[in-house]
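In the part that follows, the structures are each spelled out as structure tokens.
Shared between the two complexes below is chain A, which pairs with chain B and chain C, respectively.
The block that comes next holds the complex of A and B.
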């Protein structure tokens, strides 16, 4: 029976890139949600730095993020609206414009990894089989816009359910691998959302470094007010 | 009341507290009498955010400062600016009455301009340290109404000047108190009361247009942060990201100038002018109708390893020309007490004690800053140069910071004023001064420890 299923899977035609990316986006970045996540950055010397944040996602890929821990960054906020990113500095009492490829709090994620999770809009490419991983599709993506987080991405997603990410590789325009990610600990967050709770992002340039993002809660049924995504709301 | 307060404080979800304790030890080579060679400042800060209801937030940011100054050049005395103090940086009620409308009352620092080291369009707040702009958090007593949308916001603010304050709290706001201070009655200080209303109204229209942050600003003030009466001003601020570059500009346009002009006849012999009733310094251009501006333009570049390089050019329309600066410099060097009294005036609320304050005497400045976080483990390095472009004198600030844990920051910084080429400086007696070498300190070293909680 297992062999039959495997044979069926192996013989299946790859789905369209659009279909895979739509499923990926629905899992990793539902239209709206309220979430709490923790990031731990592991540095070259073996020490770690931990951050806790509350995240709000609005329609049309708007995102807002509040840092809650550690005390040194408490009150810092981030906002994404379209191609625009800002960080609100509580001591400066104003927001600064950011580039989407800037590192996120000095860790191994960049701002777009966290705040710009719409692969359908940002990438195009092809879906292929990976002979070594019969239960997965490999999606080879090229950036549609220079504002995307990476120039190209190779993403391994499960065939069933379609689009659940397992592993990712992120490249520069010259083909150099910058980061790799493992998606693990698939968790039921309620209201029909099952997604990896843990993302481990490895720095392929400074190979001793990696960062983990642990999603504690993701509430897709939460009410998300549109007023939270204006620049003037930062700091309030 | 106490029960209500306890109930509110016991609900962790609606109360956020943060703060720090900080010590700053400064050792300096001094050059003017009355300047301390050794100062110690201890600060205990608490920031409390209380949200008892989704449409009400209270916020307070208060610091207790203990300060001491020793090894004064010249006669030892108690310096008022180094006495213990309380600074209430912010204390306000924020009422987001609707999804897109809020009212705010209290003391708050509101900054709309895109400049980092200077904000020419800021008509509200105490000045900041251009070498460390995040150090000044103190705001103004104000009321704000704001309509905020994703790509549009309209804000209107009215603020009153603090005409007298004790322990961080105002006892005179907008108008002068009825009673003179005990010091002025004794004759040890002047009675600075007047019959004027000291206020500012300012508003802005924010637009996110073509990925550009645009702020159009209007201000109307009367003896608020400067000597202008019933003055209207218009401002513009722009900011946009191009790849790894953030580019910004900010300008304030108005007529006349509040520039202080030293009377050439009084510079060498101010006592003669004081006896004859002639003003040593005056502001002759307040009512002029010629167009004046203060403007800043600059960029930030973010390196792949999180390093940052920032350059800003600042044009200060309130600055002196060469002759005017020479007269002021002579007054400062030859008669520092008279110059101090003339320059300080009635500044209202100065905010928190800063590591460096700039009296922008001239017109053209350049700020360059490079910072490299985590260049080794938890060590951060930054270097700031504030350059006066007319005389090429400068203030250099190299800084090393170590963050051994998430809650502790240890910082060592040097403040080095450089006179610039002799031919561009001002000669007073045998010495030549640039604007930054007019500082009471020749070189300072600052050691700072800050623990967050």
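The block that comes next holds the complex of A and C.
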């Protein structure tokens, strides 16, 4: 039975890029949600630093993030609104613009990795078979805008269910691999959302470094107020 | 005077026009080689002095392994800037000053009035210095600053490209964002104290920041990544560095300014290489001129050589005579060259040459100077080379057979 299913899968035509990315976005970035996540940054010297944050996502890819731990960044907030990223610094009592490709808190994710996850809008490309991984599709993506997180991305997603990420490789315009990610620990977050709870992002330039993002909760049923995404709301 | 030598003098003076042309070639060759080197000496002296006195300091001390990891600007390779360490450094003979620093990177933006669009932050590389201690190590740094620039506990100085990118003026408010020692983002406010010109290419997106502000920003109170050291005699740098290494032990590494700025060392190496090639071309042309003159002289004086040999002058004496003539030409030409070279270099040094390296924004004033070693080398090469290049013509003269030579064959 399994082999028959596998044979069926193998003979399948690849789905359209649009279809795969729509599924990927639905899994990784539902229209609205409220979440709690932890990031652990592992540095070259073996030391680690953990960050705890609350995340709110609104329609039209608006996102807001509150840092809760460690004490050094408590009270810092990040906001993404349209193409712009902002960080609110509590000691300066003001919001400052950030570049989308800056490191997220000195870890190995960049700001856009965390705050901007709409692949349908940012990328276009092709879906192919990977002869070594019969149960997955590999999606080769090129950035549509310079604001996207990377110039090109290779993303391995499961065929069943379609669009669940397994592995990703992230490249510069010149084709150099900057980072690679592993998506693991698929978890049921309730309300029909099943997604990887853990993302391990490896720095392919400074190979001793990597960061882990662990999603503790993602509540897609939470009510998300539109007022939370105004620049003037930061710090309140 | 030795009869051969006085004959050589007389022979050189026999065809005055040809001698003058040959002497002119040697003089110009020697003067050109020496003057080019003199200008280069001035330029390189400027690069060395500029590197040491405006930015780097003569020596730098870091935690061992820092330089190997410098691309990742490792704030975690820091150390306590305590008085015990500083006095240990000051105690080394030849050290005149020591200043604590932090090298770090971050992003910078200007704060704008409410309602105006804030510019996106730009990446910058910064050196944090103690405004009171730093001038003792880099006394010329303020020469890079534009007029009226202030660097103190509350003011930062921006590289002119960085300042221009934001249209920053004095007293504009700048916001510095940087990952702290543990990688967490932090921000600090500062006033813009002014702008700084770039002395070397590729120094555009830089800033000089007061140390105390950087220590708050990076959450590194009392800690630094670098000690810059001033010395009394730049020529004794390797010895002073060795003594510092011995005094500080294996936890610290000590580097000379030229190890810290390898691109400048490379630039100077390329300049040296080009000047050597140009010098070789000049010297070859001038020596070939001497050889040509000597060969013509031998061919013209075949009968004369035959007569000399017929009356009993030995082959060795004939050869010596022609070599002495070349020596006289070489010495006179070199002497003329020396005069011209000294005159040119001195004249240029009086006026100074103003020069702006491509893609730098700070012009430099070059004062050429000659060194004894190189000048002596050029003069010896001219004289020795003239004799060497006369060997073949002189040898040919000494091999003539008297009977055939008398017949003019």
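Note that in this section the second predicted complex is superposed on the first by the 236 of 236 C-alpha atoms of A that agree within 3 Å, B and C clash if a C-alpha of one lies under 4 Å from a C-alpha of the other, contacts with A are read in each partner's own complex, and residues count from 1 in each chain.
We take it that a residue touches a chain if its C-beta (ideal position, glycine included) is under 8 Å from a C-beta of that chain, and two chains touch if they have at least 3 such contacts.
If you're wondering where the values come from, they're calculated on a predicted model, not measured in any experiment.
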| item | value |
| --- | --- |
| Clash-or-fit label for the pair chain B, chain C on chain A | clash |
| Contacts of A:98 with chain B and chain C, given as first, second, both or neither | both |
| First (chain B), second (chain C), both or neither touched by A:87 | second |
| Chain A residues touched by each partner, larger count belonging to chain B or chain C | B |
| Partner chain(s) touched by A:41 [first = chain B, second = chain C, both, neither] | second |
| First (chain B), second (chain C), both or neither touched by A:50 | first |
| Contacts of A:233 with chain B and chain C, given as first, second, both or neither | first |
| First (chain B), second (chain C), both or neither touched by A:76 | second |
| First, second, both or neither for A:167, with chain B first and chain C second | neither |
| First (chain B), second (chain C), both or neither touched by A:62 | first |
| Stretch in clash, chain B with chain C, out of 45-53, 63-71, 207-215 or 423-431 | 207-215 |
| On chain A, the residue positions that both chain B and chain C contact, one per complex | 43-45, 47, 49, 70, 72, 89, 91-92, 94, 96-99, 102-103, 106 |
| Of all residues in chain A, those that touch chain C in their complex | 41, 43-45, 47, 49, 51, 70, 72-73, 76, 87, 89, 91-92, 94, 96-99, 102-103, 105-107, 206 |
| Residue ranges of chain C touching chain A (in the complex, touch as defined) | 69, 72, 74, 76, 107, 109, 111, 118-121, 123, 175, 177, 179-180, 182-189, 219 |
| Complex interface listing, chain B residues touching chain A | 16, 18-20, 47, 57, 94, 96, 98-100, 102, 109-112, 133-135, 137, 139, 146, 148-151, 153, 155, 206, 208, 211, 213, 239-241, 243-246, 248, 300, 302, 306, 373-374, 377-378, 403, 406-407, 409, 452-453 |
| Chain B-touching residues of chain A, taken from the complex the two chains share | 43-45, 47, 49-50, 62, 70-72, 74-75, 81-85, 89, 91-94, 96-99, 101-103, 106, 146, 225-227, 229-233, 236 |
